[in-house]
Amino acid sequence: MSESFRMTDLRAIVAEITEEMAAAPDRGRPASYIPPLARVDVGQFGMAVVTADGDVFTGGAADEAFSVQSVSKVFALTMALGRVGDQLWDRVGREPSGSAFNSIVQLESERGIPRNPFINAGAIVVADVNLGRGRPRESVGELVRFIRSLADDDSIAVDAEVARSESETGFRNVALANYMKSFGNLRGPVEDVLALYFGQCAVAMSCRQLAMAGRYLMAGGVNPVGGHRVVSAARARRINALMLTCGHYDASGDFAFRVGLPGKSGVGGGILAVAPGRASIAVWSPGLNAQGNSQLGTLALERLAMRTGWSVFGRMNASPG
Amino acid sequence: MSESFRMTDLRAIVAEITEEMAAAPDRGRPASYIPPLARVDVGQFGMAVVTADGDVFTGGAADEAFSVQSVSKVFALTMALGRVGDQLWDRVGREPSGSAFNSIVQLESERGIPRNPFINAGAIVVADVNLGRGRPRESVGELVRFIRSLADDDSIAVDAEVARSESETGFRNVALANYMKSFGNLRGPVEDVLALYFGQCAVAMSCRQLAMAGRYLMAGGVNPVGGHRVVSAARARRINALMLTCGHYDASGDFAFRVGLPGKSGVGGGILAVAPGRASIAVWSPGLNAQGNSQLGTLALERLAMRTGWSVFGRMNASPG
Amino acid sequence: MSESFRMTDLRAIVAEITEEMAAAPDRGRPASYIPPLARVDVGQFGMAVVTADGDVFTGGAADEAFSVQSVSKVFALTMALGRVGDQLWDRVGREPSGSAFNSIVQLESERGIPRNPFINAGAIVVADVNLGRGRPRESVGELVRFIRSLADDDSIAVDAEVARSESETGFRNVALANYMKSFGNLRGPVEDVLALYFGQCAVAMSCRQLAMAGRYLMAGGVNPVGGHRVVSAARARRINALMLTCGHYDASGDFAFRVGLPGKSGVGGGILAVAPGRASIAVWSPGLNAQGNSQLGTLALERLAMRTGWSVFGRMNASPG
Amino acid sequence: MSESFRMTDLRAIVAEITEEMAAAPDRGRPASYIPPLARVDVGQFGMAVVTADGDVFTGGAADEAFSVQSVSKVFALTMALGRVGDQLWDRVGREPSGSAFNSIVQLESERGIPRNPFINAGAIVVADVNLGRGRPRESVGELVRFIRSLADDDSIAVDAEVARSESETGFRNVALANYMKSFGNLRGPVEDVLALYFGQCAVAMSCRQLAMAGRYLMAGGVNPVGGHRVVSAARARRINALMLTCGHYDASGDFAFRVGLPGKSGVGGGILAVAPGRASIAVWSPGLNAQGNSQLGTLALERLAMRTGWSVFGRMNASPG
């Protein structure tokens, strides 16, 4: 690899960032809308980097499972594209939303077509595709098996308490789903689609598992171990493009500006980021910033991108190679 | 370079795409809001690629000057950042706008702060910064000299007829400027700021000149010829990030999805695209698609990115390197 | 009464308008969203005028029962004000909505507080108040008994087929209710509140019954027969004010301009109008105009107001008295 | 007249309210956007009532001239309807706006057609009609002469300092005008239309003059003194309807609810109200409430309507007639 740093450095960079995050004074606030998320200790931080060569570097609570929440939208989208291909784009757009993640306004002016698959409304349409004519329990199981296969780890599971809490308080998602149903953009029964959606949000994974699961996105659509093709190279690139333009709700532009990597965040405090051709990265810290993205997770990725030069927008030095 | 194609291939790829574009049936429609743009022959297409090594490959009408329009916003932003640095971001956001390029709605709900420097409102604030306490004629001259130096070409100039037409019909831009003035986000006199803005939109350049002017963005902020530093490497990356998330108005997500390169379009039919570390690219064809971006220009860039594997979101093949 | 026409004329005016409506070529289109409304014969027209002196004048199908739909919001509001008084206004506004009747946009920017009690969202909050801690079946019964007492007619009832159809297709109302629930502006269970709301919309009444039920609004809050006080005079005036400014969704201004009387329309084609101090009026014709209000009903009221001089905004002649 | 109070009482009611207003602790804050309005003493209050019989009752500073600001929109509308009749409604709507008085948002979604003639955008279109092919100075003169004739008072004039201040700071109105120009809904030069608009806002009148000028609206379109017809009775009614639904910006519903009379307010603290068939009323107190309407003026009108029973929505007692 023609990197400006050696791989032996990566271990040091991860350790260094982990140490800095442990000392960071401003750690944000955990999501408060459901009790299981609200009571998570904001002091925690974890990080895992899986390189294209298969090396894994971890720091902090990298093996602690957390609620991946919206990060699961990446895997659900990948599965839905496998089911219906580009027909998905008749029902979901590919543009940044320009407003808060639970916004219902654009749905009205755009007749029930969500702007992209990473805002809640779009992810509910994706869930409708993945549900098909099936039952939610089976569909959640199918998604979990898909994620396990991506991560090569059969211990990944749904946190039942989180799923239950989501469904008890998710009035806004119920509103979104019914609203799209009124425009004819939901085919399954609203309660089944949402059962799948809430189940998918409640998947629990560690940073290590998440970084492992994201390897196909850095590696042209192929799971590097065993060479199993998950999606075509073109589709992997496009999912990365969507993560970069839409992966952080209304702060996607800022994340691209600061970090410069495709990434998807969740209100559980996790972020999956992709350095195409180089690494799959997961960070986790439960305190969120004002936009609902992990405060320390974003900072850690900003520093990682800075120190490795992995930004997709160009190297640090002037001698490109 | 560890590319999956040899540089000798690039000449062939450019020639091939130029030939395909000459035969394309659906060429879009030219901008109609001012006469000088409306009467441009929609049959034209030009392309220029400048590599990191300094090689230049051109196709079609690559030396025909056209009205760069909003592509000039990239150079104006670069100049404004040089003047006031990151203080600019107190007055302009960095998020995709999620609505049409002349939208005034978000300005109302966000109290006169435009979403990003590439929508018209944001570019007018940038013009206000570049105007400073100066006079519009001098400020236009300063910007033209800056672009000439980037392109190493002293023949670049403003098309006076286009500038005059803009100012005679630009009621919506007058509205935007006055609206921001009412929120206190414009310091100079409205008519002076707009004189600079209309002058900047009327700069005429060829694809070759445009691709040359964009070299600093692919090369870590440095003009490769002579090694003159234009901006820091970090700033170059960040401008690229803004181009990717906000460079094509309400079709920025789609451009990222299809092309996968930072790019900035103009209603004159030109697009400047950047393959970080690899190439600065300009295409031009005056017919626009429904979103106001060059129909063939976008298609040509999509094919170039596909055939070179230059997408920032990953290679074609599964063996990253 | 110092009217510019004698009461013996009123019978002739009603007959005349009924005849004109029978011959009207442009009758609008019936509501299509539920089958029981869609299949109603658009040829029908009915009218009933109850004067302050207790005289009743009818024309056409004045005794044919139809689905009152949103007209019931007037009676539900009256009942809710009786329960909680002006505290209602902490949860619902009193301003015209300025957009379509099922709009969800304003709910977002105004944090779950509907603009007024006559848009669907506002009427759902009113239903929540009327439900209290009760069960929907009982609450529907209570409202029906209230309407019966206002109209002095015990035959008024809910159309069960309409209520069932509403609840099967009312995804947008489910969305609105859940959305307000997410802001904390709904206290009862969403499904119970909506069961009451759908039941209330499905009340079937004839023009005669509706005009009788509206007498308290023309008579300072008192049911003229027997002198039973329904609400205070001040509250009756205020309900009239709300009907005038908000009673016809996004066409309220136009109705005030053309007719000049407080009125509330329903998608079943009925309108209840009030000439304060003079008459309570009901019209019905199932064909709707572009704004969702009865095409012939509006026209009939416009002519009635013109020929009687009952507009609240002034007499026809210049000698006020 | 069949009023529930005698005319000899009206003098007492006006005196009583004037006294109460002098003692009112919460007086609001004067408009701050231009110096001549900002420095007006908030302690002042004036009131004038002209009855259908020609009696005039005044209280407080009823002869003190103040800047009528948006109240002038009523007279400008009347003049424009005289010029082009109902064709005006092709260029301006008749619906309440549902948002703040200087909102530009609805103009975007409704393609440059303002919602009604009393929001600023609508009044600018009205000014365009009144300007015709003329020059602003002459058009302002024509409007002033029209107002003088309505009020039978040749001393009414424009406050030149206010007009100048308006034009120096009215960036938002310049924005609105240019925005509508971009949609083709302004025919004259923007600066001429605005010169007329700013001149019209700067007309200075006392409560007595304003109440006199509004007599045609209570009297079926006829100036009671001399019997000169200003507009048809139907048009007078319709102007009253517009005042009721749209006369107080985003607080029109609340004003109808509380006062129950057609009214038009201005940021100078004046309100013109009409009791059809009974009285033309003007109040003035420069302190504004949160919605930009006179705090004490609204309160005074609420009490006047309560004590006289003049609400268009019904009497106080149950014996109508």
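Structure notes:
Chains: A, B, C and D, in written order; residue numbering restarts at 1 for each.
In this text, a contact is a pair of C-beta atoms (placed from the backbone, for glycine too) under 8 Å apart; a residue touches a chain by one contact, two chains touch by 3 or more.
The model shown is predicted, which means the values in this text are computed figures rather than measured ones.
Think of each touching pair as a link: the shortest run of links from chain B to chain C has 2 of them.
Across the two candidate interfaces, C-D and A-C, the one carrying more C-beta contacts is C-D. Distance from chain C peaks, on a Cα-centroid basis, for B. Rounded to whole angstrom, the centroid-to-centroid distance between chain A and chain C, based on C-alpha atoms, equals 49 Å.
Annotation: 31 Å between the Cα-based centres of chain C and chain D.
For chain D, the set of residues that touch two or more other chains is empty.
Of all possible chain pairings, those that touch are A-B, A-C, B-D, C-D.
Put simply, chain B touches chain D in their complex at residues 103-105, 107-109, 171-172, 174-179, 181-182, 190. Across the complex, chain A is touched by residues 1-2, 52, 93-99, 106, 115-116, 217-222, 224, 227, 229, 233-234, 236-238, 240-242, 244-246, 250-254, 256-257, 260, 262, 276-278, 306, 311-321 of chain B.
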